[in-house]
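Both of the next two complexes hold chain A, though its partner changes from chain B to chain C.
Here is the complex of A and B:
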């Protein structure tokens, strides 16, 4: 092998790029800045470091109610305090992190345009007959005396025909000019990185669009079994018809889990009805129209017109939903009639035989204030419900007699129901009570759900898929080219690939062996290898 | 329970097969000049045998996997034991694929250890399969976890290739500053691998003894101060910060913890994890010391002669090839499929959960590697170092995140 000058730089097939212009104006400087691989790698590394810093402590966004500095200080000490003060507790929404991602996006666009277009042009107009100097300066080269006379043009022509046929068999696209042949395969794999970058750009653009207000909706809702509640910022209402949770039996668990008798849920689901509100929305008496109903499970949301409702979790919140009671005559024990008291929005009047009961006052969580007057601790949670009725009917005054009723036995004792009723005179006449536990309806679980609309997800995944296809194109196939020319009986061979030189060498050897040149196949050499971008 | 017995037995056989294959791969090189036979022929013959043993081990591991799948009634990748043993299986698969392309038996001498170390590591964790919790009950568990693990397995082979390259080309005899730095780097990498052994040995040893100690203290859990007890299964070199010793088995005359973990280590289990880390380090040091004593030179320098005949440029290419195969798969499995599942299960495709962040970091790291290699011509040494460090990032994503940062990916009960 003779001495040749150093191997040719085959990056982008030697095509001129805008960023390499010798004379630059300010725009060219910006362009070369963003087109530089060095800058790109720095941006990748800085984004990487930023992402890592943000993973040290939980981000504020990870909480439904973002915690303040106290949380970070009490949980993580002075490190947590400074983490919060430096704004690292919201790294991923900070201006500097978003700026880095934006610059990375710019770099991807500029670098792809800077290289992709010249490369496309260069590969489009390739000459099959390259100069001997060009071929000698390739990484894989071979020069060899062919076994025929130097003057025998017909033999050389026949030999090159054989070469073309063999290259065709090896699935190369063959072109021939005079005494030179070029084989090329999988050129399209060179577009892999550009397709990949295109996919990433689609992805990043959609991420950018998503941040526009009103584009996405995310609301956390907790619904007690049996309740209907509005979904904030929509005109939808959701009813939790029934919540069920199944647990694994202890003998289905193994090892440590079994020893500790852990409670592991097998599945939990909410039977839900979604309503659209047509009138009086947001009031206590909205007009609702059923939109859809279904079962919501983890991994299986309820979907309606772009709104998805996901099962998030559940809480054990045992509460009385309703009690079915009867009005009795305290003396004779006669049952006048039965009626149901709800703990949420109870009805205002009831009838039991000849008697009418009007709900005078309802306290979901009964208590007595400092002056001894009845009051309620919570506005809606029926933790200690108390009903005050005005009863009218035979033998009772026109304006009615009052009667207080506590469904819970413990409250009845605590607040001395019987004494109060005795004092007002109804205590020895009536008694309201439930038959037994079967008359008490209890809601045990509050289902926690997330309502969400995000129309961007399919497009994001589309971007991701494009990016993957680009990567597969670029990494699972290689662009291989092989050049051969015969001058007299002297063969010059050169080959180039953008990656996987091992495969290229094998391919060249296979060609020579098929042509009966085993001796030449052994001689095929590779100079110092150099990586090359596509 | 018999199906589990078959499954577990097959797994143990596969572990020993990989170890046997490793030994035969090493013999194929070190013993190539035994007798008066042709060295190349020796390597080919013994290399093929070692490869056969590897394939046998793989078949055993596939038996483990399939029978456990049947017994579990869901794919066995749902806890740390299952996941890590699946990863080790895919490392062997990745090696088999690259072996079939490049036919370099010596690659086996480095890839099989990566496989069996990961497998042995997996075996330290509780083997029992727990029933699936609802959020894991999805077909995306199969798709996301298997694709991501396959990609990571190729990165693991890339690590093996990168380390081989370093061992082959670093000048161990040179006293120049640059070469000294490289030597120390290689030694440190080998030491880190020995520490993984240290973790496996120390855990097994103290489990065998049945060691126990317990500490009581206070922790802030969700804003409330709660009384907690922490149980140690290894002798406490470091007790949790500010905890009192309730009980402690005596170990080699040691009746109380040597010191307390530093106070910035938060969380109920921080002290215990720190203690485990110290034991791994201690065992790693002992192993390293013993090896140095036997070899009487740096371990890297002792391994180098074995690699004399292999072409470093082939190693460079195999390393790059492994990562190039893994990278698109990683994009698909660890990012795209992960986003789809997160969208279905957690109602958002991306939530900056630590595990997600670290998958992104891994991806960014390898994309930096690829840009440096393809765009800036970082070949050889620098490329090999990046391949080694990249796998450290992968392992941190898989294990470190669960150990140090808590998140939604709960399968690692360590």
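Here is the complex of A and C:
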């Protein structure tokens, strides 16, 4: 074998890329910048660093109501304060991070086009008859003397037919021009990286589209058993009909949990009803229409027209929902009638026999303010409910007599219900009380749910799938080409592959053995970048 | 072929610039989702009134507004109510309106008793699910937004206000 010069640069099949143009205008400089792999790698590193920094402290998006600088300062100290000031508390929506990702996407597009188009054209227009110089400068190249006379064209022709047949057996696509044969297989695997990049571009574009307002929805809601509440930013309302939770028995637990007698839920679910609101939405009496009902369990959402409602968690928040009471005559013990008092927006009027009770005021968490006047500590939670009635009826003044009622025994004593009612005069005449615990409706749990809409998920999966197909194309198959030419009785053979030279060598050996030529001589020349012959 | 290639280059970069413009504008202007602070425009809303009708910022466009977030359970809110009422009576002929947005009290009997007791005549709007509260980023009670006639928020006051304070803040928005 002869000494040859440095192997040919076969990247992109030797075709020039646009970014290598010698005379560049400003557009070409920008193009070259984005086409550069070095730049691409830097962009990946910077994006990675930016994303990593954004994961140090919780981002503002993680909160239901984004906290201010005070939260970051008080929870994380001065680091947190500066984190907030530099805008790192909303890293992923910041303009610089999004620009980085955009540049990364541009780099993928430009780098792919810059290389892929010349490669495609080069591979498309290649011919099987290569020059001897080309073949000698490949990384795998051999020359032999064939067993027939140099002038015997017919023998050469027959021999090349044999080569074609053998190449065909090795599943190469054979093409022949004159005394030159090329076997090529799996050219399509060269497009693997480009298909992969296409998948990534689709993925990035969809991520971008996702940020358009109204495209996605994620809302956290807490619903007490029995309540119906609106889902913010939608026209939907959700009712928690019933919430159930099962716990593990202590003997089903192990180790530390068992010793500590931990309370561990085994399963919890919400029986829910989803409504659409048609009128007066957001007010205290919206017009609702049932859309769908079902059971929501962790990882098992309720779905309706693209909206998914997931079980997030729950809280133990026992509170009285209503109490059914009777109006008794204090002296005779007569029960005038029964009525039900709600602890949320109770009705304004009740009847018990001949008596009418008008609700004058209601306090969910009764207390006395600084001046000693009744007020409520909580605006909505019935932690210590108190009802003030004006009772009218036989034997009572026209404007009515007042009566205060505390459903909870502890409040009745704490605020001295009997003393108050005695002082205003009704205490010796009436008593309002419930029969027993069965008359008290208690809601124990608040179910926390997440309402989500995200139509982009299947498309993101599609983009990811394309990216994976591209990876498989590029990694599991290789583009192999073998060239053979006969000049007189001399055979020159060369081979090239984009990866897996070991496999290429095996193919070449197999071919040579089948043709009866010495296969041991096959070796791969290393690409020597210093330009010295190897 | 060279010209065609140049066209591809140019159109790619135009697309990139457009997307860049959209992304940067999006994150800078996306502060639309943030609660309004002094200098921002008022965030429009519509709520049910105690009377059962609907009312909101749109009904008072072109008029200075004082949006006061309050509740009967909040002592400083209760304390400043008489002052708010007096200031309303003083300035209502000049077009100033005070909107009392109630913070999540669903027991209407108590809210209407309160209004009756304090003789409140400015509109009381009900925010039973606290949606407007969240949108306005209200965290302590009371919080009051002073909005001028052009719809711009001039001041966000957190905490109870004296009559003098309300007076001068209203003076500020009617200029």
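In this text, the second predicted complex is superposed on the first by the 474 of 534 C-alpha atoms of A that agree within 3 Å, B and C clash if a C-alpha of one lies under 4 Å from a C-alpha of the other, contacts with A are read in each partner's own complex, and residues count from 1 in each chain.
The rule is short, and it goes like this: a contact is a pair of C-beta atoms (placed from the backbone, for glycine too) under 8 Å apart; a residue touches a chain by one contact, two chains touch by 3 or more.
Predicted model, so just to flag it, every value in this text is computed and none were measured.
Look at A:208: by the touch rule set out above, it reaches chain C but stays clear of chain B. Residue contacts after overlaying the shared chain place A:312 against chain B, while chain C stays out of touching range.
Comparing chain B with chain C, more residues of chain A are touched by B.
Look at A:110: by the touch rule set out above, it reaches chain C but stays clear of chain B.
By the touch criterion defined above, A:257 lies against chain B but remains apart from chain C after alignment on the C-alpha atoms of chain A. Look at A:467: by the touch rule set out above, it reaches chain B but stays clear of chain C.
Judged by the touch definition given at the top, the superposed model places A:102 against chain C, while chain B stays out of reach.
By the touch criterion defined above, A:45 lies against chain B but remains apart from chain C after alignment on the C-alpha atoms of chain A.
When the two structures are aligned on the shared chain, A:442 is found in touch with neither chain B nor chain C.
In the superposition on chain A, contact of A:31 is made with chain C only, not with chain B. Chain B makes touch with chain A in their complex at residues 101-102, 126-131, 133-135, 137-138, 140, 220, 223, 263-264, 266, 313-314, 316-317, 320-321, 324-325, 327-328, 331-332, 335-336, 339-340, 343-349, 351-354, 357-358, 360-361, 364-365, 367-368, 371-379, 401, 405. Residues 5-6, 8-10, 12-13, 16, 19-20, 23-24, 26-28, 30, 34, 46-48, 54, 71-75, 78, 103-110, 113, 126, 128-129, 131, 134, 137, 139 of chain C are the ones that touch chain A when the two sit in their complex. Put simply, chain A touches chain C in their complex at residues 18, 27, 30-31, 65-66, 93-95, 98-99, 102, 106, 109-110, 113, 117, 208, 211, 229-230, 232, 280, 282-284, 344-346, 348, 359-365, 369-370, 375-380. Those residues of chain A that touch chain B in the shared complex are 37-38, 40-41, 44-45, 47-48, 51-52, 54-56, 59, 61-62, 71, 74-77, 79, 92, 218, 248, 252-257, 264-268, 297-301, 308, 310, 312, 450, 452, 454, 457, 460-461, 464-465, 467-468, 471-472, 475-476, 499-502, 529-534.
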